[in-house]
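Residue numbering begins at 1 within each chain, and the chains themselves are lettered A, B, C and D in the order written.
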Amino acid sequence: MIETETNVRVRYAETDQMGIVYHSHYLVWMEVGRIRMLEEIGIPYPDLEAMGYMLPVLEIGSKYHAPARFDDDIRIVCRIEERPSVRLRVDYTLWNGERKLMTSFSKHAFLSPENKPVKPPQAFEDVIAKYYERG
Amino acid sequence: MIETETNVRVRYAETDQMGIVYHSHYLVWMEVGRIRMLEEIGIPYPDLEAMGYMLPVLEIGSKYHAPARFDDDIRIVCRIEERPSVRLRVDYTLWNGERKLMTSFSKHAFLSPENKPVKPPQAFEDVIAKYYERG
Amino acid sequence: MIETETNVRVRYAETDQMGIVYHSHYLVWMEVGRIRMLEEIGIPYPDLEAMGYMLPVLEIGSKYHAPARFDDDIRIVCRIEERPSVRLRVDYTLWNGERKLMTSFSKHAFLSPENKPVKPPQAFEDVIAKYYERG
Amino acid sequence: MIETETNVRVRYAETDQMGIVYHSHYLVWMEVGRIRMLEEIGIPYPDLEAMGYMLPVLEIGSKYHAPARFDDDIRIVCRIEERPSVRLRVDYTLWNGERKLMTSFSKHAFLSPENKPVKPPQAFEDVIAKYYERG
């Protein structure tokens, strides 16, 4: 399993008049975590795009357990729990200290520049093979 | 069942470098649809807040079927399919003409100013009773 | 002089924990007004991009006179006061009813796909000539 | 003079279909820099709000020199060049390595919870006095 961590500090712009973070911004933080995860495992997203791949979001499922607030330091834990094939699923847990704020997942597909679903690039396959050795 | 419709025109700010709408903005559009729905059925959200109620998002589930693009005219169909109790679930379908872009839901709870779950306000109960007559 | 009007309804997502609209969103509204203005005078921005032109923002100057709030209906008045050449300046006044919320301007340049400054497309020149007849 | 630095990494969500950062996000980064500056000089913004002060934006002036792109590491230099009184002006320069992306300023006023302009809190005056000794 691949698991990485990233932190974001809550921006004033991300709050709403309820005094908490507006719910759509968590999706942006999930992406920040996902981008750092790809970077850490050696497949920076800018390189993927330079090779002609896109990785759009197909599905999101998010449960909000507790609100984030301005200036909180949020820890984003990203996991790829299942070996990816043409689809990639990432699971997320967001924490403020010991307090769990959110559990979430996103599903993605690799697309060609022509918006056709394609096999992941070999560099990605190689990294995945390293993490998910066949038994 | 309650069903209402709203339209939004895609803003340039909502696109990303893939040339399509960044996925988190759909949640904002869902909220635009939800706010108009509450207004149409006679319970404007600003009135709810003035009465001391908040209606934060507890859960989101979204499937992205086709991308929205700059300047598209998006039709947001909102439905309350189940009679709400302390929880409210809203279902959404987003269309660009005849093309379905997204199916989604959000779940909400009524909260007091002290962030405690509370029964919906009587005005809301009355509207709901009108739409969901007991058989 | 060219002058057009557009309206936007304030979204919940646009508020912050001060209970007013976060200041960067006014720039998005200015863009909404600018895009509608180009559409109204017969040069839709998507057409400009399809012809290979971009119109990025070079400069912004904004004075915030009074805050916008959730659900307010904001009127955006856009004006092209000076005849554009290679540069385009747009002036904005934002109103909530009779209350002036903001006065602002943006300056733009026409760029080629290679990011080089270029003369505006002929279609734009023709429209401008119609509005700014030489005396 | 007070001068501090902060870094932000460009998020995918901040790009637009021109392939560069959408211009309104720079205002959010300016705020990130401003918040860190207040923290560094010993007047964290959350403390200001807890004491009942707000510091809304009254005016923005921004020149965009070169575009920021996805994943760039942006350095935000903030300066308080003039001794603040009831108004506070902050100047910003944004850099990507040696490339200057933007020069900008923001003007602010201290407001009371009743939205009345007020003198800055004593803690702020004390810090300012330390930096701007009377000659």
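Rule of thumb we're sticking to: a residue touches a chain if its C-beta (ideal position, glycine included) is under 8 Å from a C-beta of that chain, and two chains touch if they have at least 3 such contacts.
Quick caveat: nothing in here was measured; it's all calculated off a predicted structure.
S.K.: If I compare contact pairs by residue number, which of A-D, A-B or A-C overlaps with C-D on over half of them?
M.R.: A-B
S.K.: Quick check: more C-beta contact pairs in B-D or A-B?
M.R.: Most C-beta pairs in contact, of the two: A-B.
S.K.: Cα centroid separation between chain B and chain C, in whole Å?
M.R.: Averaging C-alpha atoms per chain gives centres 29 Å apart.
S.K.: Once you find the CA centre of chain B and the CA centre of chain D, what distance in Å lies between them?
M.R.: 34
S.K.: Measuring centre to centre with CA averages, how many angstrom lie between chain A and chain B?
M.R.: Each chain's C-alpha centroid was found; their separation is 25 Å.
S.K.: Two-or-more-chain contact residues of chain D, please, as numbers and ranges.
M.R.: Within chain D, the residues that touch at least two other chains are 12-13, 18, 20, 24, 28, 70.
S.K.: Could you please specify the touching residues of chain A with respect to chain D in the complex?
M.R.: Residues in contact with chain D: 9, 11-13, 28, 31-32, 35, 44-46, 70-71.
S.K.: Show which residues of chain A lie in contact with chain C when the two form their complex.
M.R.: 12-13, 15-20, 22, 24, 70
S.K.: Along chain D, where are the residues that touch chain C in the complex?
M.R.: 18, 20, 23-25, 27-28, 54, 56-64, 67
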